[in-house]
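Shared between the two complexes below is chain A, which has chain B as its partner in the first and chain C in the second.
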Partner chain A sequence: MRARDLAQEFPTVDLGDDALVAARTMAESGRPGLVVLDEKGRACTVLPGSQVLRLAVPVYVQSDPHLARVYDEKAADELFGKLSGRTVRDLLPDPHDHAELPVVDPDATSIEVAAVLARMRSPLAVVSDGDRVLGVITVSRLLRALLPAADPASEGEPGGPVSNGEPELR
Partner chain B sequence: MTTYLVVAAFAAAYILIATERIHRVAAALWGAAAMVLLGVVDARTAFFSEETGVDWNVVFLLLGMMVIVGVLRQTGVFEYLAIWAAKRARGRPFAVMVMLVVITAVASALLDNVTTVLLVAPVTLLVCDRLALSPVPFLIAEAMASNIGGTATLVGDPPNIIIASRSGLTFNDFVLNLTPIVVVLVLVFVGLCRVMFRRTFVYDAEKAQAVMELDEREAIEDRGLLVKALVILGLVLVGFVSHSALHLEPSIVALLGAGAAVAVSRLEPKDYLGEVEWSTLVFFGGLFVMVGALVEVGVVDSVGHALTEAVGDRLLLATSVVLGGSAVLSGMVDNIPYVATLAPIIQDLVGKSTDPQHQALWWALGLGADLGGNSTAVGASANVVVLGIAARNNHRISFWQFTRYGLVVTAVTVALSWVYVWLRYFVLA
Partner chain C sequence: MRARDLAQEFPTVDLGDDALVAARTMAESGRPGLVVLDEKGRACTVLPGSQVLRLAVPVYVQSDPHLARVYDEKAADELFGKLSGRTVRDLLPDPHDHAELPVVDPDATSIEVAAVLARMRSPLAVVSDGDRVLGVITVSRLLRALLPAADPASEGEPGGPVSNGEPELR
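== the complex of A and B ==
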């Protein structure tokens, strides 16, 4: 299977977009990351969901798990409210990372896509034909294509096939 | 000729440690290796000699306490205490700072200073975040409180452990001689905080309510482990207090405590060994070998004799110089190598005398070296750690921002210490 066959719709955000809006876009699209467009409208990097969490959750809470437990729900909401006023650019780990985009050609094989995702530790790869972005490939989409269909006898076991192409919530 | 080469190698290693041109552990190991190559040190003198070898009591006391802290940290007790304190202070900024300063000082008297600030700083950031206050004054105050509190006991600060091992002074000697003045210093320090950080203390009832809504009980994940760890810490403290009666070195008490904590906690080695600062322990090893070489070639003896003759019966002058000089030097160089080098010299000066004036030299060394660490941002490991935590959380504390408060605190605490030493050991003795 080729990258163009695996490509799915993708939401995009600009570097200057509000971080809270980006987080909402990610939540509503159900994607593990977003494609970030630069000032010229070209895809420049991928914003992984974990990076949004890293900015929302204070460093001191990340380093001391005991503190995460003392927050009530209201305080947790306030934490994420702090994303407002920050930009997508603030969410990106390093300005130099903008230059590195997990991109694959439409003709790339699934193993080529897997290699790019693994090397760049990205939750999704951008399928691009020159400057034109055709879509994105998520890790879960790729795994569904790569993993052999499960034996019907093992249906219901962890890792077994799912009815609607999305993983079951357990 | 060998003596000159040994002194040169020692000085070179010391300069490398002080200037941090290379990592202090590498510098100490290079220094130790140089002593071996010069033929002054061999396996017998390095590993088995009480006078010139690695002081295993210091190394294993530190190791034992680090393991105990490794277990204690898993319980969340520090997070519980700090949030409980902030809630008892009802979110009033100055009262919160007083509570956190006192908790830090008391914890530092029993545990390593760096560990204490590592445990208290994150929860301080959380409380300040809730109160919408800058955490910088709070973090600076905690670093200083840990250095002051650590002065109080034998196990509070590594220089005290070295002093105890060299002098034979017991845990109770430290409690009886240093704890009273440290209690006074903490009270005075709280007063200084009120003045130095007065612009910080802006009360907002709504923000205070946000602190009151934190649930400190949630910080405790495993109550059973907490109870066991606290019982063991209590027994270790009893062991320290009675170590001379039990004929057990503090290092043995700490190792027994560490073993018990590991046994009852059933934690994985990566959990309780994660707190062990192996680099510090190796640094101590290299340092002891370097200082041992100076003893071996007779340099320490010569300096000790020369100082004994120079001091004569002017012990108050000598004590004042040791106190003031240690405070100044400890602000500039790591107080661990400083005390490791000076301790054998003070040992020579004190000799076998047990009179209070001679013993005052040890207390002056401890007070000067420990309190002097507050004077600059790099004067003590706790300061460096707090600056690092602040930077990682986007609250930069500059060298001078810390130092301008540090110089005031050091001047006041060292001056009060001098008055205490003078009154207690020279006027009222």
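== the complex of A and C ==
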């Protein structure tokens, strides 16, 4: 199976988009991050959700989260309201480095995608033909494609020893 | 809003569970990681999906993903089949350090949870009362709770400038 067959849609934002819009997109998508596109529409980096929080939450509160208890809900509105007027570019941690983005080409094999994710310790790879983003491949999608068929006899009682919570996006 | 109200179910595995079972749980959950419980059922760390791939994919293929093209699907079965017989403990990168786990108590406020995620650059926090894991809070769940109500007038045309792919778990 090739990367093009595994790619799933994923929310994207542009470098120039409003930071508050990016935060809302993340909130609504149920995803832990967004793919950021540069001026030419090419994937340039992934914006992790925690980075949005780093811009909104004052540094002294990050250092001592118990201080956060002084904030009521109205104060929270103000913290996150201040994202508006900033851009996605402002949210990025460092000058983004394309070389650090886990990108695979559409013809990459599933093992090749696994190798890229393993090496970069990334939860997802961007599938791109250079100019256009086709989608992303998450670790869990990849594992579904790669894992050998289950052999119930070798895994103990049905259901197994794991608590497998129903995935919930919203 | 308090952490206990924001907590969502999340798949867990025990340190002694078979690594292949953990990989399957991750594949089926659609999540990028699993909460790992110690012998007493307390959260001790989060196992990222990429770590499963690191154990399955040979190091020389991780270094040069193009080498992966020599693997056919049968070979992939063998790579991942070798997870069986190893445990979740074998998958963990380093002696896991509880102090590094983003844990919040059930009474933590939403801003407090935001501060913890921001400081630790984590996509999720584990809600625990010390002995028992109540669930996890993802960045996107938290942002839905924290973001001020949208004001469409200040955000351009409906839909906005972002491509907002339908979230897909499987």
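We adopt the following convention: the second predicted complex is superposed on the first by the 113 of 170 C-alpha atoms of A that agree within 3 Å, B and C clash if a C-alpha of one lies under 4 Å from a C-alpha of the other, contacts with A are read in each partner's own complex, and residues count from 1 in each chain.
As a working rule, a contact is a pair of C-beta atoms (placed from the backbone, for glycine too) under 8 Å apart; a residue touches a chain by one contact, two chains touch by 3 or more.
Predicted model, so just to flag it, every value in this text is computed and none were measured.
K.L.:
Using the touch definition from the top, say if A:T138 reaches chain B (first), chain C (second), both or neither.
P.N.:
second
K.L.:
After lining up the shared chain so the two structures overlap, which partner does A:V61 touch, if you call chain B first and chain C second: first, second, both or neither?
P.N.:
After superposition on chain A, A:V61 lies in contact with both partners, chain B and chain C.
K.L.:
Classify the contacts of A:G130 with the two partner chains as first (chain B alone), second (chain C alone), both, or neither.
P.N.:
After superposition on chain A, A:G130 lies in contact with neither partner.
K.L.:
Considering each complex separately, which residues of chain A are in contact with chain B in the first and with chain C in the second?
P.N.:
61, 63, 66-67, 69, 71, 75
K.L.:
Quick check: in the complex, which residue numbers of chain A touch chain B?
P.N.:
Touch residues, chain A against chain B: 58-61, 63-64, 66-67, 69-72, 74-75.
K.L.:
Can you tell me which positions in chain C touch chain A when the two form their complex?
P.N.:
It is residues 1, 8-14, 17-18, 20-33, 48-54, 56-57, 61-69, 71, 73, 75-77, 79-81, 84, 104, 108-124, 135, 138-144, 146-148, 150, 154-155, 160-170 of chain C that touch chain A.
K.L.:
Which of the residues in chain B come into contact with chain A in the complex?
P.N.:
That would be residues 76, 79, 83, 121-123, 125-126, 129-130, 210, 213-216, 218-219, 221, 389, 392-394 of chain B.
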